[in-house]
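Alright, structures below, take your time with them.
Paired with subunit B in one complex and with subunit C in the other, subunit A is shared by the two complexes that follow.
== the complex of A and B ==
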């Protein structure tokens, strides 16, 4: 077993044959793939099911639903069944109505004659169909557009302000020597130790006394001074040579101009990492918005999801679609920017 | 792109006069205060000021939000939270739900830390082997870390619901379907499992970085000596990984003590109070119940803060100890 964990290079055993520990590793990885991605995939597939398909048990992985046929003489499409008659032959008939254990059915090819069938003799005909209705109907119902807009607004604005404020602070802490500078740095980093969970009540008072309760700004402002961002940017800006600043001062550039014309473009890689992080933090935020925003027209997607799942008759078909929409931006970020995220974590050690 | 850069130019030039003035008044180095200003104002108002006000809340009672309208009650809030008639019997405590929350949090944290360390270590060791497509596999384990807690909870709620895939599995194996989240033991199990599922990738990443920083020649030397693999693991890999393991241990612990969102959406703290943790108690007491008992919530926050400080302190001691150990070797 220990052999399996420590053997980091395979050259001892030759290149062509896989050692048994390699098989175990790959088995572990594949199992990991199923455990990690399986639940998400199951959710995505379920979100394409119709309401009736969702209530089927046992559930299927792919969105199968009963085939419906249009039969002459009936306004609504009728569900299609496979029926076995007394001679043992199978037919595909549509069901008109059902009373007790007897179903009235018609042959779609001969819609005039109605047939009585015991419900135990029929099986639904299923087809693979991705129903987009859950998604398209979202926008009409539950003011989904508002939640989406609130989430997007908070995420974008908070990220922009975070980038501005944090880069300014990082610039001052990396390129100047002024009295109290060390204290300021320690103070900012110390806020890492103060999780928002332990100052909920007084922060709520502050928010309400400055009149930001039920305002999107009440979610944005407290979150923009991230210690992680200041730390990350400062470490990066320390590597920018001071000679560049001196040269600019020779040319009579103001300090502000030096900041945004020279330092900001040079710190772009670190800014990109912070932007990705800030995007994820704000998009996924839950506890703080939960306290600040109590009116449903101010809800973010996360809050709306939470509110709907708590309702007694959870309408899973809409909830599933909404969940999928909520995880799309994060998944896109993950797919394209994974490298930046992992380097960010490796360099700053924070999530 | 040029539109963007022109827009940025206009935007940043707006602030030029302010900073020119500041530069004239403060001089070229003290202008730093102007740059840290916005950040400092935000953390003062939304972090440091609340820390002070929190103390005021903790020693006052009543239901008013404004501190000036709250009567001073001394340590009443703390005794309400902590006093028990008989400390061996939870029922006799004045606020038994708070004690229950503490016990649940402690139990959750200990179990979760052990399992999280185990799984992230195993995963990191596997990922550190010579495997094809390491980046892809690393991504597989990391992906859930990025999902929001609400999404994580809903994904699992959907799998665990009465007609979900787990019950289909049970039925296929010939047993009865069950309400996973309505049984107190199973609910606790799933809360732990889901939080490991959601956060394991992050710690795996930290441990993997640590493993890759171990110099290769140490392993080559061990190979020369024909050291058995288990010995390499216990004498080389684990000791050299110790600083990272401690970081992970403490991070997991601090996060576990503060768990709220996933659990809150997944089980709502139930069934009963089986999965109610401290932060949820604070949230319910201060914000969700009919009467908002801010004083109790603030006192509970202070108790939580003390616990977190103890954990941070333990981390400093531990990492110092492990550094000292390394120097000795």
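== the complex of A and C ==
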């Protein structure tokens, strides 16, 4: 890593100091980092803020919230303020109640004497506090588990079926010679030119007439065969030598076994790429589930997020926490499979 | 262990005919080599026998049974490919076991057979390696091992040694010959290298442009080539052809006379006059390159070393019983 960062233009030309191009590069990269990563980081930080901290102005980056103290004689913890008295001295007092612009406060050290303070003379005492309740309360408050399960089910099942069907189509298109092969391929590719919004209504009519409305399968099935996937896998499979298939045929392998034991393992890098894409498409999919699923127990996470916002008052703290949870699977999948994306795309693109 | 019979086999792609009516019989236990220049159809013929390609017309009989409509898997042939075609994601063991697994052979039987093949080919230590971790010669042996575990009727080799370096090729040549004598199986071997053909074959089939030019034992082909093409193809360096007019005492009707470089001799009273254009000194032998008439290049092998230099003119003769005469159509007289 250190070696990577110090492999600068200045170093290469035998100087120890950074060349001006290095400064420009670093500035550009840091700017990129801030632009790309800043909002995500802000989102994560905000998801740990309490509802009141979220509405605070000016907003803070870290999740601060007002310090609460337990004062003898009071059941609830009281919010702590820094108060400036007439002598100009500051005290940390807890507020008992507030009427208009006057607050009744108490010194935690002398709980018997109550003091009246103008609210303009006090500042809340903040402390860094991660409101993990945003996350833990989610599970009880909404049927979060159901949404998560729906999303996971749709994503995983759809990805598996997509991989299976697309790779079978790609195998046929890349390794068999039959009349109309080119036509079929061109037809499949041609569907890339049709925007999904155009087929939204026909697809809805089909799904509704086969009775898959409000069913997770109604979300899964329509987009199982993707032209992008077929194309990606076909291009990759073209690079697998035909001699391997011939050898397998001489080895008494059935065509299914050739596909299952030879083609699939060898197409693994391209399959990984498609798996990632499919995972992302399905996880982030919003429009199609919104149309097919109208009962809240069938909602995916994305629909549930939307439903949060639809209510009269948006509970931003929960919404943000949920958004963070929705991001996690994609991040994990990317972290583990990212090396396949680069190698897969690179090698699928060569031929 | 099987016989193979090809009758009038023709293969054409669209309008181009690659194989033009081949008739051939291979008897049980024979080692047959198909040899010919590139594009002569020898690999295609092998693929037709294996079942990977279909014949346009004609019949293929294996063990007396017509197999034209039998799939590659059920013909009982095994093939070693030029690129070895090892499954890159499987270990050596799995590569060899794959064919048997497909046949539903019990695991214990597979293990014994693969062990036996591995032992025969000295692959025992490498069974858990992947093909990419093997050298060329080892890969070649795995490919052969894969074909012998299934105990096929017919072994087919498609230029299996062409990816190896010269030294390894010589030793693998011997290994394959050795394997043939141990297994006693019928083998068909395709190569474009006439040295391989000469050293390995029981029977050589010389092909050109989809025709069989000549079938015979290596020495038959060397001693009695039936036409000018076979004469030029078999033997290294290739046979010299001299116009019959330059050769006193040539057979009547002969158009050209063939003299092998190893039979030509330097002689003061020789009938041919050769202008030397290049001398290759190999230590034990020397090869003179030149020509007797401008359009007829001539090569001559001398044993030992020589002082003849470029530009010299030498007289050449050849023993009459080592001369080959060809008519204007190139056929042997």
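By our rule, the second predicted complex is superposed on the first by the 299 of 351 C-alpha atoms of A that agree within 3 Å, B and C clash if a C-alpha of one lies under 4 Å from a C-alpha of the other, contacts with A are read in each partner's own complex, and residues count from 1 in each chain.
One rule holds for everything that comes next: a residue touches a chain if its C-beta (ideal position, glycine included) is under 8 Å from a C-beta of that chain, and two chains touch if they have at least 3 such contacts.
Remember, predicted model here, so these are calculated numbers, not experimental data.
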Partner chain(s) touched by A:266 [first = subunit B, second = subunit C, both, neither]: second
Touched partner set for A:203, first subunit B, second subunit C, both or neither: first
Partner chain(s) touched by A:315 [first = subunit B, second = subunit C, both, neither]: neither
Which of subunit B and subunit C A:165 touches, first, second, both or neither: first
Subunit B versus subunit C, judged by how many residues of subunit A each one touches: B
Which of subunit B and subunit C A:215 touches, first, second, both or neither: neither
Touched partner set for A:244, first subunit B, second subunit C, both or neither: second
Touched partner set for A:257, first subunit B, second subunit C, both or neither: both
First, second, both or neither for A:66, with subunit B first and subunit C second: neither
First, second, both or neither for A:50, with subunit B first and subunit C second: neither
Footprint overlap on subunit A, comparing subunit B with subunit C: 249, 254, 257
Complex contact set, residues of subunit A against subunit C: 241, 243-244, 246-254, 257, 261-262, 265-266
Complex contacts: residues of subunit A adjacent to subunit B: 1-10, 12, 21-22, 25-26, 28-29, 32-33, 35-37, 39-40, 42-43, 46, 55-59, 164-166, 168-169, 171-173, 176-181, 184, 187-188, 191, 193-195, 197-206, 208-209, 221-222, 224-225, 230, 249, 254-257, 259-260, 280, 283-287, 290-291, 302, 305-306, 309-310, 316, 319-320, 323, 326-327, 330-331, 333-334, 338, 341-342, 345-346, 349, 351
Residues of subunit C defined as touching subunit A within the complex: 50, 52, 71-74, 77-79, 81-83, 85-89, 98-99, 102-103, 146-147, 150
Contacting residues of subunit B [partner subunit A, same complex]: 8, 12, 15-16, 18-20, 23, 28-40, 42-43, 45-54, 56-57, 65-67, 122-123, 125-126, 128-131, 135, 137-151, 153-159, 161, 163-165, 167-168, 171-172, 197, 201-202, 205-206, 209, 219, 223, 228-234, 236-237, 247, 254, 258, 260-261, 265, 268, 279, 282-283, 286-287, 294, 297-298, 301-302, 304-305, 308-309, 312
